[in-house]
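This is the structure I have questions about; it appears just below.
A, B, C, D and E are the chain letters, set down in written order, and residue numbers restart from 1 in every chain.
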């Protein structure tokens, strides 16, 4: 029975992926890509990875999908979407087929000759878990054992926003999307947004002993922000530019300060003081959640606002 | 055929499809989708393959995949910002093919 | 060693903090704050250089968790040398950028630079495969941002190309890491090396990792993204990219190659890398010869130089340890000389373009009369790139030649020598333009003398390296896991 | 016990059938407005049936409440999104019932 | 550590420092620049005199720097080094003087003199190099620093000439690099004079060592302008006259010849080279080049071109001398290194004077110039007579020893080469002399610049007269120990007694 489900999912995933790749219509591609994300979330559940499932649904499918759709809508409004698509050349097709087949064959070969791993890292994780300050293994790995990776990863997120900001010639961003002045939407939002905020906080809190954590919570927060944004309530207009920037950097800064304080306290970088791990991790996660929410929102709004160098006159026509 | 192996194979399939699309397509958005396919495939392989080897649920690799997903979405967002700027300047959704990659 | 006194965490914390700080504070405070940061970085890297040369390789357990579970950092001789190199080059480029860019651009430049620097230091010190992935992504984003922020068509196109190539490269790398983890259950380089198992899985993993890194290093024929990106960016950015950024992926490649003894088990792959290197030398040189824009000449020269550096792979053979050591030294020296020379050359080229206001070679006529110091800087850098003595480039080439002789692979000698002539051809071609005395207008803009001096300093460093080669060679030979794995 | 299983199966299967019907409707209906109709109504009913079918499987109050909350939220979301699509379509004056069916590309964000 | 040990470095540094300072100086500071130039030249000569003293006392100052593991940069003053360093430093002084006069009121002097000093620094490096690696470094540096001088004028012709020059010399450099690198790969770091090591290597790999010998000679032969690698030399004539002097007499061509001397004497050793039959081919090529160069010189109508082909021919005398096994031949070759430098520099100075003062470039324009510019013409006559080999000018000494050496080495046919070449020399120089002194002036001068003066301006005239007198003095006082001949005999003695 389980095998059947797995195989069905496998077929579904591959079929959806192929469709999203080869569909003539770009819109369809994007929709199928989002669908793929959702299907994959099911797959992650089957793989025993509910954390990833949450992240995949919220970030992989949700945020990425919204970003793609938004861009698509933007391109479409300018009205040049599918017209200038050349059909790729024949050698390119050949190269593509050749390299992809090579990759698949190599990977299959590798997978079917898997040796037994000499090191069982999960045993080490279980052994060290009591000292980590949290009882959920993934959170322990992300924010304690391998917190350095996470620090850099948050850096990557900040950097993405930074590049977006640097490409904006004007500091005060203007949004091209007028909000939807729909009364029903606003009415529902008053209901939905608090629910999303609560869920987000729940996810954050849950992260210490079960699936959930800063990234999922941040994605949920971002979803709420984006929803608000789309309905015309501009968070960035409410906050001052400086406040916004501070919010974006809050998580990274808190993380960095905690990391540095441990060096000043004579411990290695990122080592939490005895007994303080749980609290510090929660602090970091709280700050991260807010920042990730704002970062993902900013990535959305930055992509949305036109460059104000405005060499092209037609960019403000919507 | 256990679940881990099946999804590892799914990941391989996604990687293959993604690579094909990445090379084949010229449209920048399509290539971005293809890149995300490769990414998703890689994540599936990461977890499936590791858990197949370990024989249990491996939380370390799952944590790494979480990191990977976040990095991938940042990459997508960054690429989209660049693509939209490019579109504003040139009105095109693909790069000129003088000596394309 | 006392944990507080170790400069290793500061090498990471200072740039990251610099990035945050320069994003938050007002535009006109960003440069002074960064100057302070530059100083501390230089001090920290010098301190590390001192400690490593005194006490040997240092291991730093992040968050106090030992290696397979946590992430370890490792400062061996190689890492130390690269940290010093990046500190020097990045400082020079940063000073240059401070003088070259206007206030707004500068404001955006600083946080990107600090992120770039943090990722570089992170990569040099990393001893964990997944950590390297995150570091690579951080590096890619910072570099793409730096290319793109000129905000014109060329740089935007270049940055998109670069981003796509780099993303594909990192994915291939990650896939390889996934396979390694599946096969061995660990991510730390040291424990991977200890439990290494040359099965099909590891071979495929290594192939993928190498492929991804080669793409990121822009090794021929996967170089097509490089010249537009390096030629189209703003001058200090071009210098940073060519001098440091491509070295990062190469560095990882080298670590994998040696620490997992790939050279011993996949000798055909090393010959393949050599052939690619030879292709890069000849194709890059030839393309540089055909360019009409000054910075494109310099950018294609980077393609060719990467070729030289990758010639060290076929020479790192298991059979002849003396030849391998020479190849290793030669390659590292080449890399170091290229970092200084190419940064100097890009900066000098940028100054020339600033003077003439046009990017093409033909408008350089008379420049050697008008800006002799600048041409001299360009020329000194050129000497090192051509591999003419006395320069770091020559010593490197000498070592590679010796290594080819000793290991009996004479065909690389031919490549090396042809490459020298080609590079001489394209560099002297630029020179010939600057010596032309035409009737053209003399309305040149005058760059501040300071930015010319920065270019000159870097070029002179590449020449001085020719006399001080023994020091880097000794540093990279300090004992450590890397040297133990050398043939 | 068996009766419960049969009831459950019936509920689940009919729920799934409702989804199928909704999907067919999405593909076959001629214009945006009717498609919304197919999508939201059929799917909400289908989901409801499935959720009711799932409740007895391993009864606990907390799980039941969660499942019902899911249903509620999905209904809210689909009602809202259906409304928005229709609203936007009308604002853009998408024709009501074209004679030929065409690709569903006109669904925009 | 003796204080004399730092002397080689000091010799090198005088011109390096001069070059650096000159690069930094603003274009307008002519007087300061000239002072620095001449001051450095004088200091260098004084330092060389100290070195000569040291070498006479059998004390060879040496500086070492480890560049790479097992690879040293060595600066060492042995007697052969002093021979070349002395020549270059003396000629540099006069060439600098001449250049200051020649380039008066022309643009880009800062650049010119900077590279000029750099060029001399590399020549010093070449002469003081203690092993092939060091030699190679400075040899390539010489190429680099002469390129800007060749293209100095910046017109199409000079840029083209620069390209030709580079193609020849860089290719030569690559061949040399290949030779040196292979030698090092076989035997490690071989210092000059360490011929036992080479002998052992030749015993192990005779064929390889022969190939390396050929590579080394071919690489060096490009700069020494041996046939068929001589093509760059006449082309490079578009450069200003002081540069031509530098290329032909002081630095470039000599560096090639000197390198060959080093390879034959101090790497392979003369006896070993002779036994391996490596010298005979050199003798043949040198002989051919001598005749060929003279023959081509005869056909030129441009003064500087004729002088250029004459150089091609004359430098091969040096090679011929080296290839004759036996002390007399060696002395002839070595002494010609100096004599040719003195005489050829005189000739180029004079050619430059004619061109600068009266705009004369072609031979037929020289008619009657002896009346108009007597001093320059006297100097030219001395140089030309020396080239033909007439006593008492120094050229006679060299040819005499070469002839004797040929007899000693049982290569009598060389005598005929010498006679033939002397006849050819006479054939292309005597008509020129006749035109200068005996033909009447034909119309006005092509481009008369200085009309109020009897001859060229003093700054141009004095160097020519001094070098001309030196070439006579070298012939007259040949028996003194400090004369070129005396020094060459000293070297030869030490070489053959080894």
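Miscellaneous remarks
Here, a contact is a pair of C-beta atoms (placed from the backbone, for glycine too) under 8 Å apart; a residue touches a chain by one contact, two chains touch by 3 or more.
For clarity, every value in this text was computed on a predicted model and none was experimentally measured.
Common neighbours of subunit C and subunit D, by the contact definition above: A. Touching subunit A and subunit B at once are the following chains: C.
Chain centres were defined as the mean of their Cα atoms; on that basis the chain farthest from subunit C turns out to be D.
Using mean Cα coordinates as chain centres, the one most removed from subunit E is D.
Innermost chain of the displayed assembly, by C-alpha centre distance to the whole-protein C-alpha centre, is C.
Two chain pairs are in question, B-C and A-D; the one with more C-beta pairs in contact is B-C. A separation of 27 Å divides the Cα centre of subunit A from that of subunit D.
Taking each chain's centre as the mean of its C-alpha atoms, subunit C lies 42 Å from subunit E. Separating the centre of subunit B from that of subunit D, both taken as means of CA atoms, is a distance of 31 Å.
Shared interface positions of subunit A, i.e. residues touching 2 or more other chains, are given as 72, 107, 111, 114-115, 117, 120-121, 125, 145-146, 149, 153, 156, 159-160, 163, 167, 307. Two chains count as a pair here when they touch; such pairs are A-B, A-C, A-D, B-C, C-E.
Considering their complex, residues 25, 27-28, 69-70, 72-73, 76, 180, 182, 184-185, 188, 191-192, 195 of subunit A touch subunit D. Here subunit B touches subunit A in the complex through residues 1, 3-10, 12-27, 29-30, 32-34, 36-37, 40, 43-45, 47-49, 51-54, 56-60, 62-67, 69-78, 80-85, 87-89, 91-94, going by the rule given at the top. Subunit B contributes residues 15, 22, 28, 31, 35, 38-39, 42, 45-46, 49-50, 52-54, 61, 64, 67-68, 71, 74-75, 78-79, 82-83, 85-86, 89-90, 95-96, 99-101 to its touches with subunit C in the complex. In the complex of the two chains, the subunit C residues touching subunit B come out as 130, 134, 137, 141, 144-145, 148, 151-153, 156-157, 159-161, 163-165, 167-168, 171, 174-175, 178-179, 181-183, 185, 187, 222, 224-225.
Only residues 106-107, 109-111, 113-115, 117-121, 124-125, 128, 144-149, 151-153, 155-156, 158-160, 162-163, 165-167, 169, 245-246, 249, 252-253, 256, 259-260, 263-264, 266-272, 307, 309 of subunit A touch subunit C when the two sit together in their complex.
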